[in-house]
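Two complexes come next, and they have one chain in common, chain A, joined by chain B in the first and chain C in the second.
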Partner chain A sequence: MAIRDDVLVVGGGLAGVAAALAASEHADVRLISHKQSTLRHASGLVDVLGYPPEGGEDADPIAEPFDALADLPEGHPYERVGADAVREGLALFDDAVGDTYVGSHTDRNALVPTHGGTVKPTARYPKSAAAGLASDGRDALLVGFAALTDFDAPLAADHLAAAGVPFEARGATVRFPGEFRDDAKVTRYAHALDRNEDLNGVPARTALAEAVKPHLDGEERVGFPAVLGDDDPCGVRASLAEKLDADVFEVPMGPPSLPGLRLEDRLYAALAEAGVHAETGNPAVEVEAEDGRIRAVVVDRTGRPVPYHADQFVLATGGLVGKGIDSDREAVREPIFDCHVPHPSDRYDWFDADAFGDHPFARFGVDVDSDLRPRAADGTAEYGNLRAAGGVLGGYDFAAEKSGGGVSLATGYAAGTAAGRAAGGETSDAAIPGDTT
Partner chain B sequence: MSDAESPDDDFEPVQVFGDETEMDLRPGSDDCYKCSTCDTNCPVAEVEDEFPGPKFQGPEQWRLKRKGDHDIDDSVMKCSNCMRCDGACPSNVPLSQMHNTARGEYVDEQMDKLSVEYLRNRMLSNYRLLASLGSKVPRLANFVMGLGVTSWLGEKVMGIPSEREMPEFATQTFREWWSERGGNATSKERAREARAERGGSQVSNPDKRVAYFHGCYANYNTPEVGKAMVRVFESFGYEVMVPPQRCSGTPMFANGMLDDARRAAETNVEEFVAAIGDGADVVASCTSCSMSLRQEYPELFDLHGIEDLSNNTYEALEYLRIHEDLEGELADTEVDFPDVAYHAPCHARNQGLEGQAVEVTESIDGVEAHDVGDSCSGISGTYGWKEEHYDTSMKIGEEMFEHMEAADADTGMTECPTCAMQMEHGTGYEIKHPLELLETALVEE
Partner chain C sequence: MTHTTEVLVIGGGSTGTGIARDLAMRGVDVTLVEQGNLTHGTTGRMHGLLHSGGRYAVSDQASATECIEENRVLRDIASHCVEETGGLFVQRPEDSDEYFREKLEGCRECGIPAEELTAAEAREVEPYLAGDVKRAIKVPDGAIDPFRLCVANAVSAENHGARIETHAEVVDLLGDEDDVTGVKVRHESGPGKREHATPGTTEEMHADYVVNATGAWAGQIGDMAGVDVEVRPSKGVMVVMNCRQVDTVVNRCRPKGDADIVVPHETTAILGTTDEEVEDPAEYPEEGWEVDLMIDTLSELVPILEEARTVRSFWGVRPLYEPPDVGSEDPTDITRDYFLLDHEERDDLRGLTSIVGGKFTTYRMMAEEISDHVCEQLGVRGECRTADEPLPGSEHPGNLDAAMDRFGLRSPVARRSTQRLGSRTEEVLASADPNPVVCDCEAVTRAEVQDAIASAGTDLNAVRIRTRASMGNCQGGFCCHRMAAELHPEYDEPTAREALDELFQERWKGEVHALWGEQLSQAALNYALHATTMNRDRDPARTGGVDYAAFDDGPGAPDAAGEGRGVATDGGDHGD
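Take a look at the complex of A and B:
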């Protein structure tokens, strides 16, 4: 009875954070997340649109994502919210991350090398990746660490060459100085560099630079796996750059990802500054509803149902991987609000026989109207005061089209703004800002 | 069968593995997809290169044990049982349950029962026994414990770091105070008076009843926390019961003393399930106690009523926030209370309670609570009380000490008694419990 806010956001990833930040401009906001935010699983890159949705395997990357938005099919989240919401979502992000990110100076996609040696078209990238762009003509040395098997630098360099980058890329593998475990955590390396720990009598940053120097052959930039500091990445890069006399950049890695961790810290600090109450640890399991409106989301606290009341709700629990969408042998569901998730009744139609084919399941998610309200099978809004954002939405394949971050920001911004305005009494039924439909 | 082949229409996979076997952790192990997020949350792995981290201690070691006669790796004793890995796992792997089980097996089968380490761990995890003896003669016990020779002996003989100061025993335990005050009958009367004062339909509500799990520390060392709990709840019209109880088991789990923990749990489950039967909800003032009753009990033991206890246990502040309009009650209050540097204990974090103390403080005029961040205090119950872990413990705590000192306050606040010891040890601050703040705000003298 007593936990009550204007807006309750369910989900702590990029979409949830964007929604909470946007809503906090207009109302009191609480954000709940079952587990720690999954932002630390993310590469830290924020894509808007990297490839055309129906392009197939051979499609060229998109250079101008905003030009491509108009061609998206009906039902795509960007088609629902419109291009202005995409810009507003990015602006909100830029504001929250400050100068730790690059990319806001242009509408064009940047090409960032990945740890597999592919090149990813993306709209925003951490400052630490800036010197690594594939469009940069300077030759690059990629450095891998023997114990960090996720990044094979020589292989990644070969892949970059095969991708046709306009520079020479070479790879070298070195032993990270000091006495670390063979399976040392990525955060262990990062903190050793943060604190410039003494490694066998030599400060960590110096020791690492010394290990790399013999491999450097005139390259003007050096790329490392993304473990260059957690609290002080700028300082770590600057020290290495000075000692190597070359620009230093990070290559984004898989989970657990330091750029993702740093982004999580930034965004949660922004939430705290905005006065959003954020909490983790217990799952939302069901809702209390009345007359087509949600009254409360019920959180399971070790077996005890606890209602979280609010005026407006935002569903941002992620997709199939994030468990915002669940399935069994019979059906695909959205487990908390039980929103309708369109899908074929025969489960053998959920996937393509080709492992790398165009899988229908990749587009599974809730179906929303242009106010981002989930729609029931008959096309009407499930609830008047529920909006959805991010991975839980259907109608797009973020992995194939490289649009995950942008969709989360745009729909998070739109859903959060609409929810905040409605809760703050500014609108009655809250059309979303930037809605062009 | 390859993905490309279409299966027969009548093909349905069957459940191969039953889930009936006790402690079959296979489902949890299979849910681990090795993202290693738990490892980046482990405060021990962050500072201790010898520690392989929660992913190894949990699912990997569990799988290793399936084949051959692998022993449990002795590094499991370096785990501090902060349980942060549980909250980190995106796949719901019951990591702390795996660690508790492995540690129990290690202590049972591999640890020398005559070793100083075993005896020391047994003594630390049975703090209640020590405390019940000490508090019979509190002044003498405090005097002896405070002697330099005692702490020298403690380190040399028992492996208890001489840097640590033994917590002082109160001259009157909480339970002594409680019975002197008239026990449950008095509480019933005070609750009734409070309900009458508040008026309305709540006057005769017989279900406004809570059973208080005070734990060892509030009983023997900080009875003021227990008293605050009783007075605050009574002021909301709750009748407080204080059933007989033993240690929650937290220090026993952390030391792999599962048999001791089970014996204590048997008493606690029996007594508190009876109270639940009388219409009470269970409320704890220590977040590790509530954590234990809620999560570890049903994960580790199969006792009649244990789920019932788990489902009906709350932390004190949490309970009031859910069942009362706590913010509304606090809205017009003003207190003379020092500003505090608040540290959220790991076990509060795991129950989703990390933000509540600061949030509640926001409603009270005259006091500011500054959250000192999400680092672990490093003491983790008995962990920091072991000579071999003392340095690690202080290294983990460093970030918290720095943030406390940077915060605009000279008093600390936390729910956890051992976090409080560490906060005091690292900064010299006096440490308060949120219930003491609530008492100041809500209870008239």
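Take a look at the complex of A and C:
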């Protein structure tokens, strides 16, 4: 069985999905990914640019990210694709997620409380987090669950006060009603609320509201750890809000992150709607190439190598976290296409001695030209019909900048659009439409 | 502020805490001071090997005999700190038959049970041994948790009335050129249980007798007293692997050399080590080639180590000592024997004895000898009971599993807790309700963390060494913040935050020696979780000055989905 598409996107995270959606406007697209994407590790927030890349650890958060894009250094992915691609990437995202996300009403960043108790700048936030914004002056009660060790509400509230937020935050710890084991998974709480399970004779949403009520002291909004439903988060929040007579929001959390999982579901639904054929579970292991062009990506299907042919390819396998970039004691590499990854030869030069220092490893990734084509060590394009997007790109530290989501969307959009147009015969391989540089 | 005690012990490692326990049990009033955590120096930086003595059976039979004797004692009195893994001395084709024979005979001469195994038999014990190994000698090596052991000694000492003061650095000795009468310490502690005084203050502690049990730091205390204690600190690297590639201690059967041992330790295996003299026990280079040497050389014995995941590396310094005039060039030639230096006899300085050299496995025997010596000086008559009386946690071994069912923990979690807590299991686990898992990698629950906080205060590194929380594959990425949260509300937010930062940085320090492959991926994830998800790298609570009004405060008006906000704000537009 020959597998042949116009565009093959390798990688199923935010960048891969954006590329596939963008390419699907112009061509037939297939997306393949090996494992679950790192979205389940992420908070579900989509950052564009929260801090200047060279601002150091004392930099102030950026309120107007689009104003700051012009100052980015050469080689930064945003510099490569230009500000228009960032807007287009966000528009594509807004379209895909519909009313489950907020932020498109403004160019400004929002400050969202984190489960560690700080606030962080972000461009798009789940609707579930909307009532929690730090610039909103309403007092807040944070509620934690005694058995959920990732979020200590009283500590987070004190931390928010230390961060100088313009409202009063208080924290309370309650027992989640019902009989749950002490180390129940977050999805267990979410499903109980989704299904409004009977917990010792009381529906879950009512029982939770009743547990919180005695702690409420006139606050107009109540924040919970991000476990308020998986299938029906709107319904869960609405019920709790009604019973508590206060707005209800979620504080984004670390892995496994329900907002991240919900986003992933949403994005894959959008892929299906766009007619993209998405398949997961098998790793891409190598490529077939000829005359400087990729002919096929070979996928290992339970031990059997299967070539996936296409006219254009997008590499969106993620960075070090997602294993799109790999390393050993000697070197750093991109394992599927074997694209060049610039890095110091001595592994002791890959990190900074401070845990939050300026880590070279954080910038590891493929080096691309302004068409997002990975470049070999000599600066020439590795392949005429391969583009890269998202975490696999080098030259930026998404964690320090708070730019991961935005870079994935902007470069995914740009790479996918270019690949789709080239595959559809609209342009030659190399031209990236809307290239503003 | 002054304090008076009969004996002041400097050094909170195995020797110091062992001495404090021994003396306290004999009814002596003891105070112990330690510049950092318990085990801060050498004890916390070893590979956790409980020697059978096999290692010294050729080169140093006196040490070998002491080891097997103490090995048996520790299995008895510290059963909850010891894992009886057994050990192998493995001969590769290039290793000499002559030495193999000497090792086997040496073990027998020293009373160490030793059995020769064929290559096939050895691989039955350790399936991951290289295919070409020739044969092996089986000995009763074991693994021991030095943290748990030290803490148990300190707790026992306290139970017998001793004062244990950590984070108290000796900055001067009291007395004159003829007589040491105490020490002056500077308290470095933050708030919490580690305090007896305000941080930054100094305290004079008067004592009838002072024991210098500071190991590699003994020369520095000697300098304060104006006497020469010629310790020769020698560094060794240890590389921590992600899981137990071996379940027995695997030694290379050859005379001496770097990178010749793998010790299974809790959920990990630890590769060791090098032996290189350094100037300063606290400041020395930690180099990548040392890490590479461990992996490359030990892969000859256990080939999967080449591909295995390395989680961190750490270095320790041995307090080597040799009497004047021996003049060894190579630190591996220096004896592992211990020496009791009575400074009155040696330097005409009354009131001070140093103990130097020695091995972790024989710490109790050293403590006994020095305690005998001190008692003689003080005219105290008390019998040493440390070889017979179990340490706290090891009093009632066995029958713990049945008790575990009551706590509703998943069985692997319960098993780990039981192993760590020993006979204190019931008491500790009954103290927290609910009792969720705080550290997933090492299966450490809230109850254990709270129990450790009760004795260690805000020092999360001390909590770590008591519980193993944050010592697994994620190296604290997923649990450091949870551990810090356990400090609140007893301790305030800035204290919890500072403790978190301190632990996170400490974990990072060792991780950097394993930053490739899986562990680099893990480090990148940890960095992302703490920097991206929590914004801890640019925390506004630290940087301050955020202009909140300049940021989005939401779309403002009640939205179409009917989830209106309780109060309409100014419309969400502050303008430019």
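Just so it is clear, the second predicted complex is superposed on the first by the 433 of 437 C-alpha atoms of A that agree within 3 Å, B and C clash if a C-alpha of one lies under 4 Å from a C-alpha of the other, contacts with A are read in each partner's own complex, and residues count from 1 in each chain.
We take it that contacts are C-beta pairs under 8 Å (C-beta built on N, C-alpha and C of every residue); 3 or more make two chains touch, one makes a residue touch a chain.
Since this is a predicted model, take the numbers as computed values, not measurements.
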{"item": "Chain B versus chain C as contact partner of A:Arg301, first or second or both or neither", "value": "first"}
{"item": "Which superposed partner A:Lys185 touches (first chain B, second chain C, both, neither)", "value": "first"}
{"item": "Touched partner set for A:Asp326, first chain B, second chain C, both or neither", "value": "second"}
{"item": "Superposed model, chain A: greater residue contact from chain B or chain C", "value": "C"}
{"item": "Partner chain in contact with A:Ala289 - chain B first, chain C second, else both or neither", "value": "neither"}
{"item": "Chain B versus chain C as contact partner of A:Val202, first or second or both or neither", "value": "neither"}
{"item": "Partner chain in contact with A:Val165 - chain B first, chain C second, else both or neither", "value": "second"}
{"item": "Partner chain(s) touched by A:Ala278 [first = chain B, second = chain C, both, neither]", "value": "first"}
{"item": "Touched partner set for A:Gln36, first chain B, second chain C, both or neither", "value": "first"}
{"item": "Chain B versus chain C as contact partner of A:Ala83, first or second or both or neither", "value": "neither"}
{"item": "Common interface positions of chain A, toward chain B and toward chain C", "value": "41, 181, 183, 255, 323, 329, 348, 353, 355"}
{"item": "For the chain B and chain A complex, residues of the former touching the latter", "value": "3-4, 6, 12, 35-37, 39-42, 45-46, 49-50, 52-53, 56, 87-90, 92, 294-295, 307, 310-314, 318, 321-327, 349-356, 359"}
{"item": "Residue ranges of chain C in contact with chain A within the complex", "value": "288, 292, 295, 408-410, 413, 434-438, 445-446, 478-479, 481-482, 485, 488-489, 492-494, 496-497, 504-505, 507-509, 512, 515-517, 520-521, 523-525, 527-541, 543-555, 559-563, 565-567, 569, 572-573, 576"}
{"item": "Contact footprint of chain C on chain A as seen in their complex", "value": "41-43, 47, 50-51, 57-61, 63-64, 99, 102-103, 105-106, 108-111, 114-121, 127, 130-131, 133-138, 146-150, 152, 154-155, 158-159, 161-166, 175, 181-183, 220-221, 234, 237-238, 241, 245-247, 252-255, 319-321, 323, 326-329, 346-348, 350-351, 353-356, 359, 361-362, 398-400, 402, 404"}
{"item": "Contacting residues of chain A [partner chain B, same complex]", "value": "1-3, 32, 35-36, 38, 40-41, 179-181, 183-188, 191, 255-256, 261, 277-282, 299, 301-304, 306, 322-323, 329, 348, 353, 355"}
